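Contents: one structure, followed by commentary.
Chains here go by letter, A, B, C, D, E and F, matching the order in which they are written, and residues are numbered from 1 within each.
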């Protein structure tokens, strides 16, 4: 019954990686808290780099310097 | 003043259905808690089926078997 | 499979009212979008009036004038 | 370390305005609570006007009358 | 830089279990997407069973039958 | 109409500081995007340090070393 929300920047995450995040988060809740995986919900939000900031700066700008 | 967030998979929900969700949620808060509908906010998030998991599995895969 | 989050101020909502919100939101998703009620999740967040603002003002202050 | 989420309707917000929201929210947390700006995260969600309701009405409809 | 939110019912989760959820979610993002663990944020919300519903029913009631 | 959610650790934030966060966030949205302050909603979530992790570590542990 847990609900897990994963927010990441939209930077080419593949369907296979999303499937790994979903199965991995579901297993984590089962392993640590014995939660029934059948009703565990995982929602991934992919956020444009223009819409994500850290350190007061937009990620789009950070990426240009990396 | 309540804030309601409805997360559903993006699978062809029409503007009319969204309007029904918004009016229905607003009425629910008014009926049960006497909340002023004028300041009730409803936000609907439509999530790609690749980004939604239940039972450790991606909804895109679940839909193929249904 | 929908996930509904209802945020309200913590002002004496009873368990019976919470049950009504949960059943009402679940029925709304079933009626409008034919969503399976068995996997619809509803989470209610009760927020202290000190922690909720509207119009730039804290609700605790608004309540004193009402 | 604070996490700030700003939800607004998707109505032509520019990258410059998003950068201002991100720097402004980060400064606010630093000024009021002395939070380290380096680890403050700001995420902006732009929501279609069809998916946002207030007063029981869809914003798309409200905008037609304004 | 990812942000992970884990919502579970408040039913006696220990600080050690919370620490495992936090380290586990951080490792998951590093393993699958190569995200820098230093800036990964995990927030756990524990929700009263009166405030969580599934299948249209309050979890408090479900627990009585289990 | 914007909705702003500020998540911080529960570490003695005063009602005055919360009021400043609420007015500051509301002004930010008005200044940058010309949003009507009357319908801007701000919700502050205070999270126990046991429930917040960064860098794979619980904030409670981080605070002991600071």
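Definition applied: contacts are C-beta pairs under 8 Å (C-beta built on N, C-alpha and C of every residue); 3 or more make two chains touch, one makes a residue touch a chain.
Given the structure is predicted, the values throughout are model-derived calculations rather than measurements.
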item	value
Contact distance in steps, from chain A to chain F	2
Chain pair with more C-beta contacts, D-F versus B-D	D-F
Type of chain C:chain E copy interface by residue overlap (half), same or different	different
Farthest chain relative to chain D (centres taken as mean CA coordinates)	E
Where chain A and chain D are represented by their mean Cα positions, the distance between them in whole Å	20
Where chain D and chain E are represented by their mean Cα positions, the distance between them in whole Å	25
Computed distance of Cα centres, chain E from chain A, in Å	13
For chain E, residues contacting two or more additional chains	1, 3, 7, 21, 25, 39, 41, 43, 52, 54
Chain contact topology (line, ring, star, complete or other)	other
Interchain pairs in contact, sorted by label	A-B, A-C, A-D, A-E, B-C, B-D, B-F, C-E, C-F, D-E, D-F, E-F
Complex contacts: residues of chain F adjacent to chain D	1-9, 13, 17, 20-21, 24-25, 28-29, 31-33, 35, 39, 52, 54, 59
List of chain E residues in touch with chain C within their complex	7, 47, 50-58, 60-61
In the complex, chain E residues that touch chain F	15, 18-19, 21-23, 25-27, 37-46
Chain D partner contacts - residues on chain E that touch it in the complex	1, 3, 39, 41, 43
